[in-house]
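Before I ask anything, let me first share the structure, which is written out below as structure tokens.
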Amino acid sequence: MSDKPVLEFFDNPRPERDYTITIRCPEFTSVCPKTGHPDFGTITIEYIPEAKCLELKALKYYMQSYRDKGIFYERLTNEILDDLAAGCEPRWMKITASFTPRGGITTDVVAETSAEMGKK
Amino acid sequence: MSDKPVLEFFDNPRPERDYTITIRCPEFTSVCPKTGHPDFGTITIEYIPEAKCLELKALKYYMQSYRDKGIFYERLTNEILDDLAAGCEPRWMKITASFTPRGGITTDVVAETSAEMGKK
Amino acid sequence: MSDKPVLEFFDNPRPERDYTITIRCPEFTSVCPKTGHPDFGTITIEYIPEAKCLELKALKYYMQSYRDKGIFYERLTNEILDDLAAGCEPRWMKITASFTPRGGITTDVVAETSAEMGKK
Amino acid sequence: MSDKPVLEFFDNPRPERDYTITIRCPEFTSVCPKTGHPDFGTITIEYIPEAKCLELKALKYYMQSYRDKGIFYERLTNEILDDLAAGCEPRWMKITASFTPRGGITTDVVAETSAEMGKK
Amino acid sequence: MSDKPVLEFFDNPRPERDYTITIRCPEFTSVCPKTGHPDFGTITIEYIPEAKCLELKALKYYMQSYRDKGIFYERLTNEILDDLAAGCEPRWMKITASFTPRGGITTDVVAETSAEMGKK
Amino acid sequence: MSDKPVLEFFDNPRPERDYTITIRCPEFTSVCPKTGHPDFGTITIEYIPEAKCLELKALKYYMQSYRDKGIFYERLTNEILDDLAAGCEPRWMKITASFTPRGGITTDVVAETSAEMGKK
Amino acid sequence: MSDKPVLEFFDNPRPERDYTITIRCPEFTSVCPKTGHPDFGTITIEYIPEAKCLELKALKYYMQSYRDKGIFYERLTNEILDDLAAGCEPRWMKITASFTPRGGITTDVVAETSAEMGKK
Amino acid sequence: MSDKPVLEFFDNPRPERDYTITIRCPEFTSVCPKTGHPDFGTITIEYIPEAKCLELKALKYYMQSYRDKGIFYERLTNEILDDLAAGCEPRWMKITASFTPRGGITTDVVAETSAEMGKK
Amino acid sequence: MSDKPVLEFFDNPRPERDYTITIRCPEFTSVCPKTGHPDFGTITIEYIPEAKCLELKALKYYMQSYRDKGIFYERLTNEILDDLAAGCEPRWMKITASFTPRGGITTDVVAETSAEMGKK
Amino acid sequence: MSDKPVLEFFDNPRPERDYTITIRCPEFTSVCPKTGHPDFGTITIEYIPEAKCLELKALKYYMQSYRDKGIFYERLTNEILDDLAAGCEPRWMKITASFTPRGGITTDVVAETSAEMGKK
């Protein structure tokens, strides 16, 4: 994670209450590692903050850092969850990634911090 | 809260029944404390009244009192919940705040009175 | 309730089964008791009949009886629930009232027969 | 049920698995027994098959058999559920009937095989 | 399954976490075994991967292999679930197949790996 | 036209002005003369009245008179235009008929009084 | 027009320029003179002002004055055009009235000041 | 055109009037001659008949004849126009072909009989 | 116009060609001079540039300068057209202002540089 | 244009007819030369081919060549029109570029080959 933009945080203004913040980034783009063509999608972050909240400007730079990066959908979604959850240490976080169609096929990936192993 | 417009209330016409009132204010605007630019959003209030119901005209003035106020999304949502719940003393209340995109990123914040601390 | 149109009913054709009837009345209008201006909304009735079903023509006259009546949203919704539930004696009934915006603010009220007191 | 078209069935190709079949018939019409005017609606059938699945061509004829029949919404919905469930013997079946507006009022009726008596 | 295109897989990049992948194929076509006319629909695959993820290019060839195959909706949906689940060995998988209208009637079929026998 | 319901008319309340009346009948049904199956569609009438306006209740009976009639789309649309224009003698009239899909194919027919022969 | 609310006007702030004002009143209701039942619709006014602009509060009272008036759609639309054009003396004005369905049939009426007699 | 299904026609029931028939075929599929992958799209036919109208069942077979044919979008649209116009000899005909996205890019082609050479 | 933010411009990169720029500002707010309450709306600017193009950041400040200004819809729309056209000297410019409902009534105002006096 | 990907063309299959090709590229991204942040938009190309048609794969590479290029909306739209029209020599071509909101403001630019100088 050393070459990624540094995420920034601000103090949760009401840590004694569970509340949900939803951030939608419809301008996400990365690169398909197989074809070298750009991928496009929408990344949605939902979380319940503990002590820290995600600062939006730094988050935007973080999202832009994928612009030239070759990465598959499944790894990408889990990596964003890992990075944001590691930095923000939320009570709960979920990442929903929805990509535009390729070859007539559309893919979404959804990962969250609290999913234990086993059948849903 | 001293410089805010006074909220007004009327008697709940059917206190012996739990029922839900939903109030949508799509014309909300405040000011970003960082950039000084106006923010725009929709504030939705849902609640189950106890003895008192929110009077809509006073509520409109309350919402308008944020027009020149510099405040971040997260604090704003929790503050509205605190103010309205303190005045109205409802059995349950939830505030959903949805803001327009900034830098290609959209943010919603949802807080409610009954959320206990811990993972969702 | 003496000056209201008489509701009419017909025998539930399948009382041995729980099933749901939903009736939507988008042409509801009453009068705001404060301003004297007309209010407009949609009243939706959902119920599980016991012995009797609501006859639609009489229901239409009942709804029209509010046309010149000054009444607030919260009282109106609960009153319709009380009237219809008293006449129809359903196993369960819910009234959803959605009103058009006033001063940029929109209000919905939802009440049902089975809501016990306390937090939702 | 003697004058109704005969429903036809085919063997459930995977009886060892619970799966759901949804059939939507938006071209349903019957006759109002009170006014003699035609009624129009959409009938949706959802079911989990046991040994038999509904054959669609025979089902179409069954639906067309209501074209000249005078019947109220509530009886109609329950009758379709009774007929289809009696013939198909499904693990579960639900009928949703949505009719077009009459006198500014719209009605839906929903019935299913598993609803026990009492409050929902 | 011998004459079908070989499905391909890649290693699940985060097997220690339950997360959901949704793949939508709106360009599905097969042949009605009764009339010989083409059928058209959308196949949606949702799954939680165990060790393997579905490779999308091979999946596209698999979907195209139905182009000249005569098969009914119910069998088709279950067969896709069986094929994909057998190859991918997911923690959970669900197939939703939505077909275009025939004779004014629309059909959807939904099957999943975890549905035990009995009423839903 | 002898066995059709009699159309009725009322005096145009403002004959000195050209104005347009649009009547939409989404509950039209007739019978396919080839298959015997019902057809469904929406008939839209637009006209500029001269001395007479179409009375809506008689128009409804006129539309219902097609319920058991076997007739193709193209003849039907022109026949409705001929009947209504003959009775109403409007300054201008247009009929738009939109039918539901059959065999995956949807058909609309549009005819108006003023279309002279030749290329559009 | 003696018993109607008085329309009010303010000076056109830019009479040297042709520009268009569109006013939409979706909360219109009058009474059907035949059945005595309320009618509901949306009245849209478009005009190019000459010396005077329509004052909106007085216009609202004017629209409300139809609440208890029995009047057919065609006469209503032309009467509103006559009243507003007589008071406002615009360069051009058009009224579009769209009413909710009755007996499955929907009606719109459109009239404007500049329509000369003859075919459209 | 020798290996194509024979188009069929019926007599135009009102040849003395110009009227428009619109036929929408959303279930079109052909094959990309470059990649061998199937293409999917919607073909819309609009025409003013002269002596003959397109028979829909034969048209459906004509459309299905492209299912295994390798052909580019531009040639396909013009070929359908040529075939249908040659057979039907309409006063005017237009073909609109809308294809699903490939590589994030969507293509439509529109051709009509009356377009003379030169700038639009 | 002395207390308004200064509009800024950049050189039209292709003055030898007529082309259209459309700028939509959905976050406009001003104050009603009668009631003192805020008004909300969307301002859309369409223009064909001559030598200068509107710089968007300065335009945003210009739009924000109405935040505390009491002004009616009709004057506002014409004033924005006057200000922007005076500064930008376009070949053509049109302003469309759409305001949110007040008292159940919605208003739009549309003004453009080229409208000569007289009927539309 | 030396460092841009080479556009490719294929022979117009029906040069004797004017017909229109519309190509929509919703996955366009470039860089704002002022802020260095990425811009996102949809580029739509409409043209009537003369001798040559645009080959879609080369067009995709052409569009991707803007990914790292700093360029303003107005120059970009005109440059794409110049490049494509120079290469393709169409009878007519139009470029519509629609960008996502920045600072609450959305911009579209539309340019075409045939626009002569002067007012629209």
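Of note:
Note that the chains take the letters A, B, C, D, E, F, G, H, I and J in the order they are written out, and that residue 1 is the start of every chain.
Assume contacts are C-beta pairs under 8 Å (C-beta built on N, C-alpha and C of every residue); 3 or more make two chains touch, one makes a residue touch a chain.
Here the structure is a predicted model, which is why all the values come from computation and not from measurement.
Counting hops only between chains that touch, chain C reaches chain H in a minimum of 3. Common neighbours of chain D and chain H, by the contact definition above: E, F. As a whole-number value, the distance joining the C-alpha centres of chain D and chain J reads 53 Å. One simple way to say how far apart two chains are is to compare their mean CA positions; for chain A and chain H this gives 45 Å. Residue positions of chain D touching 2 or more other chains, listed in rising order: 26-27, 37, 40, 60, 100, 102-104. Inter-chain contacts, as defined above, occur between A-B, A-E, A-H, A-J, B-C, B-I, B-J, C-D, C-G, C-I, D-E, D-F, D-G, E-F, E-H, F-G, F-H, G-I, H-J, I-J. Contact residues of chain B toward chain C in the complex are 10, 12-14, 16-27, 48-49, 53, 56-57, 59-60, 91-92, 114. For chain E in complex with chain H, the touching residues are 26-27, 29, 37-38, 40, 60, 64, 67, 100.
For chain A in complex with chain H, the residues that touch the partner chain are 37, 40, 100-104. Chain E makes touch with chain D in their complex at residues 72-75, 77-78, 102-112, 115-120.
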